[in-house]
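Order of writing sets the chain letters: A, B, C, D, E and F. Residues in each chain are counted from 1.
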Amino acid sequence: MALCDAEKTFVLHGVQDNFRIDGRELDDYRPMELETDVVSHAFGSARLRLANTDVLVAVKIELDVPFPESPQNGKIEFFVDCSANATPEFEGRGGEDLAIAISNTLTTAYSSSLAFDSRKLCLLNGKKCWKLYVDILILECGGNLFDAVSIAVKAALWNTRIPFVKNVNIDGNNIDLDVSDDLCLCERLDIENAPVMVTVCKIGDKCIVDPNAAEEHCSMGSVVVAVSGTKISTIYQTGTGSLHPATLTESLQLGFRVAIRLNEALSKVLSRIRPDEEAGFLK
Amino acid sequence: MSKNKELISKIGLRLDGRRANELRRIRCKLGVFTEPDGSAYIEQGLTKVLAAVYGPHEVRGGRSKAQHNSAIINCQFSMAVFSTTERKKRPRGDRKSTELSMHLQQALEAAIKSELYPFCQIDVYVEVLHADGGIYPACVNAATLALIDAGIPLKEYVCACTASLANNDIPMLDISHQEEVLGGPTLTVAALPMSGKIVLMEMSQRFHLDHLDKVLEKALQGCKDIKEILDNAVRLHVTDIGSSTGWANTKH
Amino acid sequence: MSDGYKTLHPVKYYREFLSQGIRPDGREFNTFRPILLNVGSINTADGSAIAKVGNTTVVCGIKAELCKPKPDAPDCGFVVPNLELPPLCSAKFRPGPPSDQAQVLTQLIAEIITNSNCIDLRDLCIVRDKLAWCLFVDFVCLDFDGAVVDAAVVSLLGALKTVKLPLVEYDPALESTQVFLEEKKPIKLHSMPVSTTFAVFEDKIILKDPTLEEETLCSGVFTIVLKDDELCCVHKPGGSPLAPEELVKCIDESKLRTPLISSLIATTLKS
Amino acid sequence: MTTKEPCLCLPGQRLCLSDKTYTAGQGTYERQGYIYSQLAGCVDIVDKDNIKVVEVHTTGEQTVIPAQGDIVTAQVSVITQQYAKCFIKCVGETVLRRPFRAVLRREDIRATEKDRVEIYKCVRPGDIILARVLPITEAHTYHLTTAENELGVVIAHSEAGHPMVPISWTDMQCTKTFAKEPRKVAKVVPEHFNAPSETLKP
Amino acid sequence: MPVDHKRINGPEDTVPYSLYTKTNKQSLTEQYEEIRKTGQRTDSRAFSEHRKIFVRTGAVSQAKGSAYIELDNTKVIVSVFDPREIPNRPDYSLKGELYCEFKFAPFSCHKRRLHVQDAEEKQHSAIMKRALESTVCLHEFPNFQVDVYATVLENDGSCLSAAITAAGLALAHAGVPMYDIITSVTMGIQRDTFFVDPTVTEQNICLYPRPSESDTEHGIVVLSKLHTHDQVSQFYQFGNVSLDKLNESISILDETCRELVPIVQKYLVKHVVKNLQRNT
Amino acid sequence: METELTKSTFSCKLGILSRPDGSAILSKDNTTVIAGIYGPIEVKLQKLLIDKASVECHYRPKSGLPGIEDRMHESIIRNTCEASLVASLHPRTAVLVAIQELQNSGQLISCAVNAVCLACLHAGIDMKFMFGAVTCFSNGVEMSLNPPAQTHIKAVFVFVFDSTEKRVIASHTKGIFTKEQFEEAVELCRSGSDQVFDYYKKVLTN
């Protein structure tokens, strides 16, 4: 997106007066649409549309062996793919840097066992565990990718059903797992504390949340705050500019406050989702 | 060859209950995204594909690549890592995706009136969300819809379809993943259905030359049928957004 | 002033210096650069050393891991050397997979290690066909200023001298392994290879221990590796042809380095 | 250089107020009314029409990139009908560690009779030229010009590989074979090639 | 793992021997309990005390600028090169670019590192770039890129902040125009203990919550600061920390970064003086 | 001591490839190599040399991708060609040497080097001299130009000589040896190289 100086000034002045170009206030979010169970052969999935940011997340599960240094933990891996559908710049390997930044932030945000307890994915100490592949496909970029991805991931994990293991037979070095075929007999993940990310974007002297593409363009830098429960699990700065320590504290405050609000709203929405709702791109 | 016999049962039904010349259900939508100049979503049975079109715009990556008499059609085929039952390692960059990108480009070049846009480039990106047989035809069909949505002049629709030979004798249409796996040759045809021209034809296995005619005929018939369905969708879409008063933007 | 001349006409610049019997850095044709060695400075490695030959700096770190021997050599362990020329060490290199030069040097070092027999792979076997040590010998070049192989070989010796491997007990019945960190033993060094690099300027003058500039301007570079009184590598990958007598003379020249380096290693280890 | 004790400074160090008497020059930047240093080096105050320009110079090698109007020393690598490709080796008196690519176009070689210029009669691959950097365009490479008397070929070798000396402003002669070769010769021909850049300094 | 044709590949399944050692070593929890009890860190530093810094500028003769930094056992070397044309970029940009590469040497960590850059190294490269971008006057070299390479020779904690501080020094040493001096400090948090400039063991203590306690805080924080203009150029945290703790940590880190400035200045002045003496 | 190279084992055909400017297939003792030369051709800007041609070398092993050992072969062949080709005749161009290994039963380097020389001769590229490679084996006591059967090999030497003054262009050794053995090996190979150059002449005159 290319903006001329006049357009930038317009955005900047709007922000200064707490009246953003799409009419929002500084700490307002754009409308979101959330659907779960959109990918039929995944163990869990979700699609989030935040204005014109579109993210699709699918969770696949495989059996694996725990890392030797953490034999009691299962594995969770995040993979982000920036589809060229979002912008021609992502063609080939163009979106790789952004994708790695997002997946690394997710990995660190989920790394603490207080945010996501991977011990529950372990089936047999040091021998067998579940590995969750959380695959994120970015289909359209209308700004604020980190937030959208984190919400979609949380929803997809909420939607995930882990097969129930009926029996574990150990015979020397051979391990046989008896996995239940019954779809109703499955476990769900505890995502109570799964982190929600809020990007606080600094424009001029003010901080805003949920920037759209134009606002992102005008910003000198932003802080991604990942909040898990009532604690902060990751902070990651993006963009180029630097911040005064006071501004940093202020934006952390704002991000924290908004994240708590967002998390509450998300929980409410998730509890309302019924399994038989029509979902998909045809709607 | 013994496996092939079971593809159509005695009463003429296929594994998923279709008749030999029956297509899977096609559902599609134009203009699913706002950012690209044109976009479309298509479902053919369980196969789901998203397509986006950007352009025509200035040639990226140096003017040296530009052509003075036509636009460059740049295609990228990509498959979501979760689109297959077994998780894929990479969404693109492997040999199969590069080949499919090229085939897609060849099919679209035949339909786009690219001579109208010299020194320009048109990007077509397709993303497979769910692969269940007939990926290539779904991509071609989705790309066609996205091009129409982007308002890029086409000579006519370009449609693609697969056909196969069941029980060593009966040609059948629109092969699902299950049928692909069970064996039998798959003939993929991309065609301009109105003029009946074949743009691209590819076969996965050998079968006797005597059968080619009827299988090809079936595939072409499939392309024509698909064209009708796409045409309907386009007409609906155009009437939907056609009104200048904007009444169409409200949800029904 | 001289800088400009050097960049515009490097060959002429050198020719003028060398015609006076001296090299631009003040050395004579057959003078070595000073060598510095520092051992055991990296605590995360099982053995380590930093060697400096003039400006050229190479760090060698050895990490020992356990593995199963190969079926065709059940009583042998492994030594896996790799030399990295990261973009950090010179503007010549770009990020990404190893350059051709790094690959050739890795191969040369690997050949020097096998030819000189400085480590007996059988010493690295713990239980025949079951368990053996694998020494990952990684060289990282920090400053690329010519004669990298020489510096790498010195650092290799220093690192090998400091390697201490813990005692390992293997129970074949339970197939279980136990490692006792309290009891560590050094590995036996069977020989001491010493490498000397030469460069040939305009088919005539032979320069010992060349800098990077000299290596690039010269029409050929070759390396002689001695192991005590014997030779274990005369590697001349093309370049200016030399009469056999000249090569033999260089072998004699390089013999001068062995006592220097063995005393260097001895004093470094003592302190 | 000033003879008095040099005044050291570090990046980000506040040097003085920026006002009518003092302005920020090379190696400094201005922020909120003050002049700050960009480099670790020495402060140098240059008087220019009653305005004191505050400059900072590094004591080691300078990090420079060619800018518009700079006199550069370049080596010609390839010639075609339209242009000569060069590598910039020095900017002013600073020797570069890494050469920059540049192009000397046919129309920029001479000031007069531009359309009759033939590249191979002006420069040859391997020649060392003095040139001025033209305004920087959107292209990736620098454009050079030698359309001044003092600019052009300063060092060249003949076909036989021997050094040549200038004999007129369009010809040079081999010192061994005495063969003449055409060149766009720079006016000042000193003993050492880098002397002209000093004398030419505006 | 795919075979790397450009290196010598070892046998396939090698395991570090430390996995088979008897676990008579203190567990991290016990170590932490002891630190809390005695009120002293393993290397008998105060909790807010930074380790001694040793710096050598100009360690790499082939680079335009370089710096080697030691925080006791943590050893990082950084080199900076002349601006060069940005590869694969056809359009003109008014600002220059920084290219940062952060790499662990294979033997630098407890566990052997692979040669190919992994996710953590890529993340660290991105953070380094982010920290330095607001320090370097990018408009001074439009359309060019300055390469900054950092290699960790030994990691005993706080290697990212050490690399950032060293990169600042190396850039100044290379004569790259900069707005300010940059310093960076890491901090580990475990419950109510703040470890300034943690060692690897202390970092590991802060990596996981203590078991059996549900409401516990832990995490790692890295902060980089520009001195004169009092600006945070980069802030990175992970773990599980309350907002109040985080604010507290920011002020402590801010203070520690300030303490490092005179040390960095000292080495830069040394370098300038040395050059002056050589020139005269 | 065997000083005779069993000549009959050489077999060669020139010009077996149509695309390169010169090509040769050479086999000796069941080691077979094809070499092709392209040049002078256009050069990439990165590798451009102002005063001479740059030599590029691509070595392909029998199967799979080239590994680091093959890179070393490349470097030996490239530097040997650089020394022997009159590179200053074609400044700002490149000479491309492509080598395909077909069969390897030892003495690979010398076979490849000799094949490249024959390909250069076939291409008619200006050369200062021809070059020929000879391999020699030592069992600690005596030397032989042919691989000794059964006996323990202590060292292997490969030398590349120029055809005019018989100086050493390249040398590559494996194993441990004394200075005297080295001198002996050089002498032996030097005399053995005559047969290589004779063979070249035979091939070219036929």
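The working rule: contacts are C-beta pairs under 8 Å (C-beta built on N, C-alpha and C of every residue); 3 or more make two chains touch, one makes a residue touch a chain.
In this text, all values refer to a predicted model and were calculated from it rather than measured experimentally.
Annotation of chain C and chain F: jointly contacted by D, E, touch as defined at the top.
A summary of chain positions shows that the Cα centroid lying nearest the centre of all protein Cα atoms is that of chain E.
Rounded to whole angstrom units, the spacing between the C-alpha centres of chain A and chain E is 27. Chain A and chain F have Cα centroids lying 59 Å from one another. Centre-to-centre separation of chain E and chain F, using mean CA positions: 50 Å. Shared contact sites, meaning residues of chain D that touch two or more other chains, fall at 75, 96-98.
In chain A, no residue reaches two or more other chains under the touch definition.
Residue ranges on chain A touching chain E, taken from their complex, read 68-69, 97, 100-101, 103-104, 107-109, 111-115, 221, 223, 228, 230-245, 248-249, 252-253, 256. Within the complex formed with chain E, the residues of chain C that make contact are 41-45, 48, 55, 57, 59, 61-68, 70, 78, 80-82, 84, 86-91, 95, 97-98, 102-103, 106, 110, 134, 136, 138, 140, 142-145, 166, 168, 177-181, 212. Within the complex, the chain E residues that touch chain C are 6-11, 13-18, 20-22, 59-63, 73, 75, 77-79, 81-82, 99, 101, 103, 105-110, 112, 115, 147, 149-151, 153-156.
Those residues of chain F lying in contact with chain C across their complex are 68-69, 71-72, 74-83, 160-162, 165, 167-179, 182-183, 186-187, 190. Residue ranges of chain E in contact with chain F, taken from their complex: 5-8.
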